Amino acid sequence: MSAIRSPLSDGARSVTGEALQGTLIDLIDLSLSAKQLHWNVTGRTFRSVHRQLDEVVDLARRYADATAERAVAIGVNPDGQSSTVARSTHLPGVEVGYIPDEKVIRQTTEVLAGVVTRMRTRMDATEKADPVTQNLIIEIVHDLEEQHWMFQAMV
Amino acid sequence: MSAIRSPLSDGARSVTGEALQGTLIDLIDLSLSAKQLHWNVTGRTFRSVHRQLDEVVDLARRYADATAERAVAIGVNPDGQSSTVARSTHLPGVEVGYIPDEKVIRQTTEVLAGVVTRMRTRMDATEKADPVTQNLIIEIVHDLEEQHWMFQAMV
Amino acid sequence: MSAIRSPLSDGARSVTGEALQGTLIDLIDLSLSAKQLHWNVTGRTFRSVHRQLDEVVDLARRYADATAERAVAIGVNPDGQSSTVARSTHLPGVEVGYIPDEKVIRQTTEVLAGVVTRMRTRMDATEKADPVTQNLIIEIVHDLEEQHWMFQAMV
Amino acid sequence: MSAIRSPLSDGARSVTGEALQGTLIDLIDLSLSAKQLHWNVTGRTFRSVHRQLDEVVDLARRYADATAERAVAIGVNPDGQSSTVARSTHLPGVEVGYIPDEKVIRQTTEVLAGVVTRMRTRMDATEKADPVTQNLIIEIVHDLEEQHWMFQAMV
Amino acid sequence: MSAIRSPLSDGARSVTGEALQGTLIDLIDLSLSAKQLHWNVTGRTFRSVHRQLDEVVDLARRYADATAERAVAIGVNPDGQSSTVARSTHLPGVEVGYIPDEKVIRQTTEVLAGVVTRMRTRMDATEKADPVTQNLIIEIVHDLEEQHWMFQAMV
Amino acid sequence: MSAIRSPLSDGARSVTGEALQGTLIDLIDLSLSAKQLHWNVTGRTFRSVHRQLDEVVDLARRYADATAERAVAIGVNPDGQSSTVARSTHLPGVEVGYIPDEKVIRQTTEVLAGVVTRMRTRMDATEKADPVTQNLIIEIVHDLEEQHWMFQAMV
Amino acid sequence: MSAIRSPLSDGARSVTGEALQGTLIDLIDLSLSAKQLHWNVTGRTFRSVHRQLDEVVDLARRYADATAERAVAIGVNPDGQSSTVARSTHLPGVEVGYIPDEKVIRQTTEVLAGVVTRMRTRMDATEKADPVTQNLIIEIVHDLEEQHWMFQAMV
Amino acid sequence: MSAIRSPLSDGARSVTGEALQGTLIDLIDLSLSAKQLHWNVTGRTFRSVHRQLDEVVDLARRYADATAERAVAIGVNPDGQSSTVARSTHLPGVEVGYIPDEKVIRQTTEVLAGVVTRMRTRMDATEKADPVTQNLIIEIVHDLEEQHWMFQAMV
Amino acid sequence: MSAIRSPLSDGARSVTGEALQGTLIDLIDLSLSAKQLHWNVTGRTFRSVHRQLDEVVDLARRYADATAERAVAIGVNPDGQSSTVARSTHLPGVEVGYIPDEKVIRQTTEVLAGVVTRMRTRMDATEKADPVTQNLIIEIVHDLEEQHWMFQAMV
Amino acid sequence: MSAIRSPLSDGARSVTGEALQGTLIDLIDLSLSAKQLHWNVTGRTFRSVHRQLDEVVDLARRYADATAERAVAIGVNPDGQSSTVARSTHLPGVEVGYIPDEKVIRQTTEVLAGVVTRMRTRMDATEKADPVTQNLIIEIVHDLEEQHWMFQAMV
Amino acid sequence: MSAIRSPLSDGARSVTGEALQGTLIDLIDLSLSAKQLHWNVTGRTFRSVHRQLDEVVDLARRYADATAERAVAIGVNPDGQSSTVARSTHLPGVEVGYIPDEKVIRQTTEVLAGVVTRMRTRMDATEKADPVTQNLIIEIVHDLEEQHWMFQAMV
Amino acid sequence: MSAIRSPLSDGARSVTGEALQGTLIDLIDLSLSAKQLHWNVTGRTFRSVHRQLDEVVDLARRYADATAERAVAIGVNPDGQSSTVARSTHLPGVEVGYIPDEKVIRQTTEVLAGVVTRMRTRMDATEKADPVTQNLIIEIVHDLEEQHWMFQAMV
């Protein structure tokens, strides 16, 4: 089978595809990291943090799927395999073992800040290339910044 | 904070923890691989395969969470980060780009067969060590073998 | 198409397949018998018995499906056709015509006791052969024994 | 207990009762046959056929219940036991073992065509005898002919 | 405002309107009688009878509304006021005070038999005059005869 | 069977029973009158009035049931048959035929005002006799006065 | 692929197919006209008319689908394309621009009256040819006449 | 009544209104074409294509309504009547009769590609004229391109 | 931490607290007794009694929670531990073993009568002390008296 | 239009109206204050306090609506505009900017205590004037005191 | 605690914060004004206007919350207290007492037009400063303009 | 009535019955203790602990019912009365009065650890005696150990 015909020009598709692939890696690794902390967190606010992290997982998974489907819709093959994620992620690893809640909160705040920064660059990059993709990225930024505030408020 | 007190003896905890960690890696990577195929599959039965793969993703995610929470409940820290998954997974990688449906079906059948084989070993290993964990593994095997049949029936 | 590859050895598959096929016949005929009584029962406790029988039908149908799908998942073809059921069932036939509620209750109690006895033999037979199948049978026994108690309590 | 008083004259009840009993046998055996195919089908369109067959099972079960309850409401005892079904059914048996999807589709189309033919005869027979029963049969024919079209469209 | 234009001829409207008004009175009084028994029934099967009667109330209310709306749709004003119902009903009154369950069952069986007889006459009367109305009446007869069987089965 | 033992003294039961029987008649007849108007109303605000009246029917039916069950709970047999309602109601009859919306609104407002006045007398009468019944009456008054306002606002 | 085998004789299929195709055109154009009015209506009863029209749209769409699927089920290809609808519809066009509510109500009443008249002719035409199709048409007439009454009541 | 006051300047309203009217025609005709194919498709993947087309119908209807309501909200009267659609549509007609699934897939892919191209032009045209309308169009493009990918993947 | 500040005076709080603690004991023990009977009842009306008892359990649990939360809201610590319940309950014990349905009905009627009597004393006691608490007690009495009637009706 | 006729005497209406208007102001301002804190709270228990405050908002809004509708039902016009609320509220203002969770908890506890005190005065004032209104106020007090306890428990 | 770190530059945050605070005041006061009219409206279209206003309240509340949470997510403290709203709102006050429906409709149309005008200025102001916030404002404008049309259509 | 016939031998029934009775006592007392703490807990994490405890109550109640019904299903009469629970429980009492959250967490952790230990002994004891009962116990252990971890994580 030949490739999916893209509704975008080659240049626009290239810019947009890169933004989407970057987004996909960020969101998949965010979902894995947040689950890791969800399982290993301890401390008096365990329940609050445990649940807040699952909200992050939910949004990361939902938007990862939307991102990858947007990529293939414009004729770009997304790659979200574990080896690709591990090789190209910008997220710092999480130490193995129990992690106290205050450390989890600080770390998640940092991770979210980093993802937001990269996402805002992608938001700018896609403005001309593909407003449809930019619109998806704007929604993702909106929800990530909301989570970023909520974790920061707990610091 | 000190470790969670385990309801198991040290030996049993070690055996059980190993089985759970292996299960976690298998299930997380299965969820990532199945999503990868879900996005890139093409062919006349696209819709059927696309949807069947999402059922695999759903069960892999649900059991991965149950597996990790069982681990921490017996005092073992699960590790499901992308780097750990990439390093220790037994699943073969998926080629990048569009993949025809028949190839997707064959590949998923193989992957599921591999996971089932490893899970059955873990099922035996935990029988004495922790029947509670074994019971969880039995449920996982049941659902994986069901998926294995369904993909095999499509070959 | 060749047969579905079984996750079981030939011996285990044979033992397990026999247990599943026997379960399937018992459950399908239980669902037909219970419906027959559901329609033809009369008496002052008509409504209670009419409804209780539909709970039996529901569980019999649900587990019949799970049983047959388990069979094919281990590479054994289930046979639940009316001719097969009629030929191989162990359930006694129900007389045609109206049946008073007290007789319905006694008869259903007997039928359930018979099915439970056969299911417990299958539970033992599959313990070594396939713990995954045994686990399914254990669940079926649990629910059938609950119904058995409830009908017996009405005698 | 004496028989349920029928709202119909003896003649009308006899004609109507016969139509309902015939309908009951057709529908119960249709539900068993469709389940048999649902479990043993294989092929590239496995998922579509597997699911479409379950829609047939659902409607066959729902209308079998309505049919039997209509029979007893007019003072006729329905008989839907496995032995009665096996003895009096007009449906051809299904071969044991895996069945390729295209064969399943052709066979189900034939079976549905046969049931529809018999149901249309019953529809005519009950027009004068009992319009209430005829109305139920009309609904059944409607849904069976819809399924007949859908399977035929897949041939 | 002038009258609603009827889709029926004057003759057909007159016949149909009479059938609908008669149906309305029967159904409203059935709902009031069944509630009366629902409140005052006593006896060992209190709960079953109490609940079965509420099913009668539900269907009587639902069909009374459909009947009256059908009447106005063909340009006939329905009259379902208490004075009209009391004056023109054919249902026997219910004695005041507690009523033992077996008496309730016999009485409800009689009442339902009476309503069914009148409804079947209306079913015949509307066959030519208005098949749309006849179709509604057929549905009502179907459900009333089902209740009639169920109460009779409890006698 | 002897009467239900009342939790109230004879005097209190007599006062309370009278209030409840009066309430029952008011509410049943309100439900019948509101339905009558619901069917026969015409005019530019047909849809609004048609729907608002069904809210009145719903609350009248719900509270009629609660009222009658309260009566029998204190050992008083409620009587809500059509003949009793027709004989003892205080609601004015509704003229037969189409009724313009503005007239429906005025008439419903009057009817509700009348019921509210009688209910407030019953509210005072039961204060000492049975606070539990008074509490039910207070709820009914609350909802009736809300409807009274809404219809008055439409005048 | 050859044509779908029809359960009807050629003559009956021809009569029935014509009735169904006519129904399809009426219902599709009714749904488009009602939406047009739904968007452009103005006036004090805007909200009521706007919403009532959406109920017409819903039933027109639902029955259009049932009608077309009935056609194909009897081996007749339905044609519901915009060009076919525009060419063969009997509905009058709607003027472009805002339309006052009273005009909308009068126009919808006329349109519904026209559709009902044509549908009643089809109801008669299919009585002998195919009672199953007639039954569907009876249901459609029932719901259209209900809407016809409601709009007429608002005039 | 005078026209709805627009929140836009005359120039912006004219540009935006034209884009919305064009969108409306595309979406209504897409919904009619997709239904036409939904009914007449045949072939081994009948079920998948039949259902996928209904997703297209759903989104086309939902966005057609949003589009028309946006038009009237900015003071422009939408026109979605069958005659207007037939006269101004850019969609190719669908041949009458059964259509094999592979042809349906190719044709739907082409139709969706055409609509997407026109929608992207409207997306650019409304960027300055009315960002609110552009935002709606972006959402529509997103969902249409997703469907375009899915049909293309099936080719 | 100091005590919760009460919105009541010391005297009112003391009276109200005593009423609430007494209510709590009655309701918890009622829930345990009703469950005990729910499990051990036998007889022809097993199903009806088994289910009716679960309604008692549900209301006892729901009101026990509301009662205890009301106590702490007025600054009184509720005590609902098993030792406290066993020591201070007024409910008679239930004999161990199977209990025939008629005995269960008589016993539950007695138990409910006893609880109602004590609750009515508490209703009077809290009238001046705290109308908010009295209102809660009135609701509890209402529902308990309804259950009392239903069990008495079954005697 | 003249005023809504009140079911209360002038004196009773005046007393009751004053109580309701005071309640309305308290509840609207409570909903605004709680939202203000909901947005600006920070601290380790951010999530718990953020969510608990939304429960306060929900109940304040729900009861504000019930209060205002009760006022108009007795012929008194409620005034809940921002200027009226700002001018007549008894709630202290909230400082602008981030507020630490412990301060939020203390402040909310104080605010709730103040509202409860005023509501209890209104509860007494309406006892004679209008038991229906008093009943509504009792419910409000119940829920406010529950929230008061929960915030106090967090201090 | 120090301030939430903003993902925006100081200049962008200042511009965006001002737009969000202005939006918040508009929306809170819109929700209060619409409720005020919801309670005090009278006239023949009372029900329609009463309900349409509650849709305005719902959207105003939902977007007020989203607006304030967006503000705090970018490090700006929202202020939505009653005193702030009263002091800075641009909405005209509503006269106290009953207000006829036609006046309510005109007034709401004016209020919505005013809010829309201010929101469109904010939409432009945030385009460069923060596309994420602009996107939220675009959604709000969309829904407000829809309401504006609906009220205007009722004039 | 004679005893329920057990599907187990006398020895197996005795062992299993003892395990189930012990489980029942543990679970009922766990539900009462957890409710006691749910009501009396105070402290900054009040909300989290209050809610987590209700999850414990829910699972304890659900499994207590399943346990008792399993007992009677094997012919053993469960005894869950308050006096029996108080006399035979192994849970320590809870001190009366407010209890700070950290103490609640420690105490619940201890209680859960104790129950888990006893349940694991019962799990071993029933392995041979009755695998069906063992399976139920395994599920209970799984959920209790999950709660045990969560409370321990909060210490």
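Order of writing sets the chain letters: A, B, C, D, E, F, G, H, I, J, K and L. Residues in each chain are counted from 1.
Just so it is clear, a contact is a pair of C-beta atoms (placed from the backbone, for glycine too) under 8 Å apart; a residue touches a chain by one contact, two chains touch by 3 or more.
Molecules present, by chain and UniProt name: A, B, C, D, E, F, G, H, I, J, K, L = Ferritin and Dps.
None of these values were measured; they are calculated from a predicted model.
Enquirer: Determine the set of chains touching chain H that also touch chain I.
Expert: Touching chain H as well as chain I, we find no chain at all.
Enquirer: Please decide if copies chain C and chain I contact each other with the same set of residue positions, more than half shared, or with different positions, and reply same or different.
Expert: different
Enquirer: Starting from the mean Cα coordinates of chain C and chain G, work out the distance between those two points in Å.
Expert: That pair's centroid distance is 49 Å.
Enquirer: Could you state the distance in Å from the CA-based centre of chain A to that of chain E?
Expert: Distance between chain centres, rounded to whole Å: 62 Å.
Enquirer: If you average the CA atoms of chain F and of chain I, how far apart do the two points sit, in angstrom?
Expert: Computed from C-alpha means, the inter-chain centre distance equals 32 Å.
Enquirer: Of all residues in chain G, which are in touch with two or more distinct other chains?
Expert: 1, 4, 42-45, 48, 69, 72, 135, 153 - these are the residues of chain G that touch more than one other chain.
Enquirer: Check the chains against each other and report every pair that touches.
Expert: Those chain pairs which touch are A-B, A-H, A-J, A-K, A-L, B-C, B-D, B-H, B-L, C-D, C-E, C-I, C-L, D-E, D-G, D-H, E-F, E-G, E-I, F-G, F-I, F-J, F-K, G-H, G-K, H-K, I-J, I-L, J-K, J-L.
Enquirer: Under the definition above, what is the set of chain A residues touching chain L in their complex?
Expert: Per the stated touch rule, the residues are 41-48, 50.
Enquirer: Can you tell me which positions in chain G touch chain D when the two form their complex?
Expert: 1, 4-5, 7, 69-70, 72-74, 131-132, 135-136
Enquirer: Quick check on the complex: what are the chain F residues that touch chain K?
Expert: 44-45, 48, 51-52, 101-102, 150, 153-154
Enquirer: Using the touch definition up top, name the residues of chain L that touch chain B in the complex.
Expert: Where chain L meets chain B, its residues are 113, 116-117, 120, 123, 127, 134-135, 138-139, 141-142, 145-146, 148-149, 152-153, 155.
Enquirer: Across the complex, what residues on chain E touch chain F?
Expert: 1, 3-4, 28-29, 32-33, 35-36, 39-40, 42-43, 61, 64-65, 68-69, 71-72, 77-83, 85-87, 89, 93-94, 96-98, 100
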